[in-house]
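Handing you a structure now.
Every chain is named by a letter (A, B, C, D, E and F) in the order it is written, and numbering of its residues begins at 1.
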Amino acid sequence: MKLTGKKAIILVEDIYNEFEVWIPYYRLKEEGVEVVVVGSGSASEYHGKYGIPIRPDINASQVQFDDFDAIVIPGGYAPDKMRIHPEMVGLVKDMFNKGKVVASICHGGWMLASAGILKDKKTTSYIGIKDDMINAGARWEDAELVRDGNLITSRKPEDLPAFCRALIQAMQEA
Amino acid sequence: MKLTGKKAIILVEDIYNEFEVWIPYYRLKEEGVEVVVVGSGSASEYHGKYGIPIRPDINASQVQFDDFDAIVIPGGYAPDKMRIHPEMVGLVKDMFNKGKVVASICHGGWMLASAGILKDKKTTSYIGIKDDMINAGARWEDAELVRDGNLITSRKPEDLPAFCRALIQAMQEA
Amino acid sequence: MKLTGKKAIILVEDIYNEFEVWIPYYRLKEEGVEVVVVGSGSASEYHGKYGIPIRPDINASQVQFDDFDAIVIPGGYAPDKMRIHPEMVGLVKDMFNKGKVVASICHGGWMLASAGILKDKKTTSYIGIKDDMINAGARWEDAELVRDGNLITSRKPEDLPAFCRALIQAMQEA
Amino acid sequence: MKLTGKKAIILVEDIYNEFEVWIPYYRLKEEGVEVVVVGSGSASEYHGKYGIPIRPDINASQVQFDDFDAIVIPGGYAPDKMRIHPEMVGLVKDMFNKGKVVASICHGGWMLASAGILKDKKTTSYIGIKDDMINAGARWEDAELVRDGNLITSRKPEDLPAFCRALIQAMQEA
Amino acid sequence: MKLTGKKAIILVEDIYNEFEVWIPYYRLKEEGVEVVVVGSGSASEYHGKYGIPIRPDINASQVQFDDFDAIVIPGGYAPDKMRIHPEMVGLVKDMFNKGKVVASICHGGWMLASAGILKDKKTTSYIGIKDDMINAGARWEDAELVRDGNLITSRKPEDLPAFCRALIQAMQEA
Amino acid sequence: MKLTGKKAIILVEDIYNEFEVWIPYYRLKEEGVEVVVVGSGSASEYHGKYGIPIRPDINASQVQFDDFDAIVIPGGYAPDKMRIHPEMVGLVKDMFNKGKVVASICHGGWMLASAGILKDKKTTSYIGIKDDMINAGARWEDAELVRDGNLITSRKPEDLPAFCRALIQAMQEA
């Protein structure tokens, strides 16, 4: 287990993409990471696009971001719900600014835009939000995995193998 | 009937907000408008957030925009699906540039951002996409109805009375 | 706004037809009407045929009918649930007998039958309940809009433009 | 098996009450009856209130009613869909007039009203359609089982034991 | 009514097969049996494969098995949920060992296997669990109804007429 | 990537457990494995317990088992559907007898029982099918991961980190 002792956040809200939460969740656990599911505080249980339930361990307002090594931002339409919660957007911003690993996939890019951390950053995302990423200052590429320092981005579930590989590598390096 | 002889487009795609399509649809019909439901071409039938089906009359690629007086862009997550279809984004752009009435509500603002027509425009939208509107150049206000020339915007279903009133007024003036 | 100061009831129960509640609801609000959603008392939240939720403002037993100018009775199978509540049937009867505007669409006609107010009345309804309307004494026509004094009836959602137009006109005249 | 050689129709349409179709269906089979499921012709498969599918053996327009000994009319909202099909209403009328056993439960009474066979008949039904039954000429009682000649009626699923017992008895006597 | 005064248990848990609970339920009631719905205790309401709700009268841990004449074990995936509750498995075992009528249909056979009562018993079941029945010692046949002493088994809903006939006969003989 | 060039089968049928298919699917892809989804042939698309669709690449009858290094058998109720297809059961048997890696989780154990490969084997499974495993000859333990030669078994989704770790290790050793 390469990452025993490390701690990671996975953000959740309603209509999360089930693949983009549960694949990283179990992958990080396989490497010994303590994975903490963080909700917005709007509910005690959220449901994915297909209805798979997930209960957050804590809410964003309760997180001590410095205790963590990485944050994973899934897609689906959850980011559209997350970004109206300042504590969730702030958490992404703080983790980024502190050099922690920030990994966003698919529509997760909306949270990067709202956190204002995309200026001149090489990134990718779900192609439908490309305009929002570029308008937020990002340099957008259509690739399965784009890493720019502590920022890791991918486009869609099919990119999850590359996304998990890069996430684990970055947490090892951190 | 104040608008007999006028023609309006309502854009649809999957996960459209049922209120933001059907309220303007029937309201415009009450004033004698010929309402044409325009799809992206991705399906022959779309379903709203609650599953209410709607069949497009034609696809965006078949529209002669000059035949129309107004275009209504509903919210829900349909705009996230519309904006990957260049013909739909182009239709919004052409209608706007030709001075037609462009009326967008809720998440419809994503289509305005992708059409690149928000530079210095006074607008509103669903509060969750405020960052995307501002990043696209808009001057954003939290009001039930914002009109800037031929661009009409509102935030959410509760704003529909003001939205319909302004839409009908603008079509009368056009 | 033509009807500022006026008050209207919309009756709801489970399996209501979403179009036949929400289109008149927003249309009346556009004209400045104070719209009050009235439930049977059987639940604190009802769901339409497609599941769209609606919370009643008050229950039928709490309504002072003289405070209101009009009552709208939607269809779907909600009327089949309403008519076993004497307070709801009584409310329709009282509003009718007091000359208030009574507007019923689609299966709403069942409530007119149970209120016993159809004797020799010109009406229409969803075609499937035609026998029940005629057996209750009505003179039934297959038309988008039939008005007989303070009683307005239509058949189905497609008739909503004519239904709303007549409803607003009748409330203006009242 | 008390009824070997006998044939019975069960009418179906969408939103049928699952209990009021399948309980008589299997009960008649237990007594050796050949049970034929008859649809309106509007679909090749119907779904009950909970979605249980049923495929009709034939459509009403294909039925030789004299080949049959009994007809069962379930409730749910299926009768509201059946009664707009003249062949289904006609089948009920013909079976009744020919002295066959006509067994209706719950909302099935709407079909008796539309078939015009309730004049002075002792019956019962789901309490919500009591007004429609009385307006159609019936003498209505609130009892688990009412038999008037070849007409058997009950109110709701809880009455099915009495309903089945009476149905089998009537078919034996016929 | 052939079985007035007799008492029968129907076991339920989530994802029960609606036919295999409700057909025997109403059939036994038609013969005057007092039918008691027994749950595992895991919930106050269970839902069938299609979602039809059923509320248990009591839980398995509260049952005095000697008060009963028969036990019906439906299929669907409910038996997969029942068999992790020792009180439910124990109830089947006690009823069998005391010579009461034990009637199992479809996947109900899993409960017979877990109750360890299949050694050298002639039985049938849903064909997919045949290996589990044989591995538990049963002599398995592909027939609509197999009776071996006080053990009655069938395969699927289509066998319910034979299953109910045999269940009622066995309760009469008991 | 530790397993480039290796090939693995994942068996699917309706009501598969989404975690127990998709987590191993993406995990194996991360290590460079060519993952082939194999269906029973009963449909061109299957749906998990929550409805997530999966399209098989080929059907069991088309598989050349010697081309593969491992087979993964997920749980959910899919195994109850798989085991009535001799080609699927045969595939598990052949892979096991040829010393390939056979990895089963949760209710997957039913396929091991039907393949007759459990005699004296150390295994685990979902606790509800423990009797079926023991009756099929297995020595059953309640542990997150049990490996006996080329047979890897786990109990439930929470065991997936250990399950994936052991699966990858066994494929490396093979």
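The definition used in the following text is that a residue touches a chain if its C-beta (ideal position, glycine included) is under 8 Å from a C-beta of that chain, and two chains touch if they have at least 3 such contacts.
Computed from a predicted model, the values in this text were never measured in an experiment.
In terms of residue-numbered contacts, A-B and E-F present the same interface, as over half of their contact pairs agree; the other options in B-C, D-E or E-F do not.
Overlaying the C-alpha trace of chain A on that of chain D calls for a turn of 180°, given as a multiple of 5. Interface note: chain B and chain C, two copies of one sequence, contact each other through mostly matching residue numbers (shared numbers exceed half of all numbers used). For this pair, chain C with chain E, the centres built from the Cα atoms lie 49 Å apart. Distance between chain C and chain F, defined via averaged C-alpha coordinates, is recorded as 58 Å. Those residues of chain F whose C-beta lies close enough to touch chain E in the complex are 77, 80-81, 83-84, 107, 110, 113-114, 127-129, 131-132, 135-137.
Of all residues in chain C, only 18-19, 22-23, 26-27, 29-30, 48, 50-52, 157, 160-162, 164-165 touch chain B in the complex they form.
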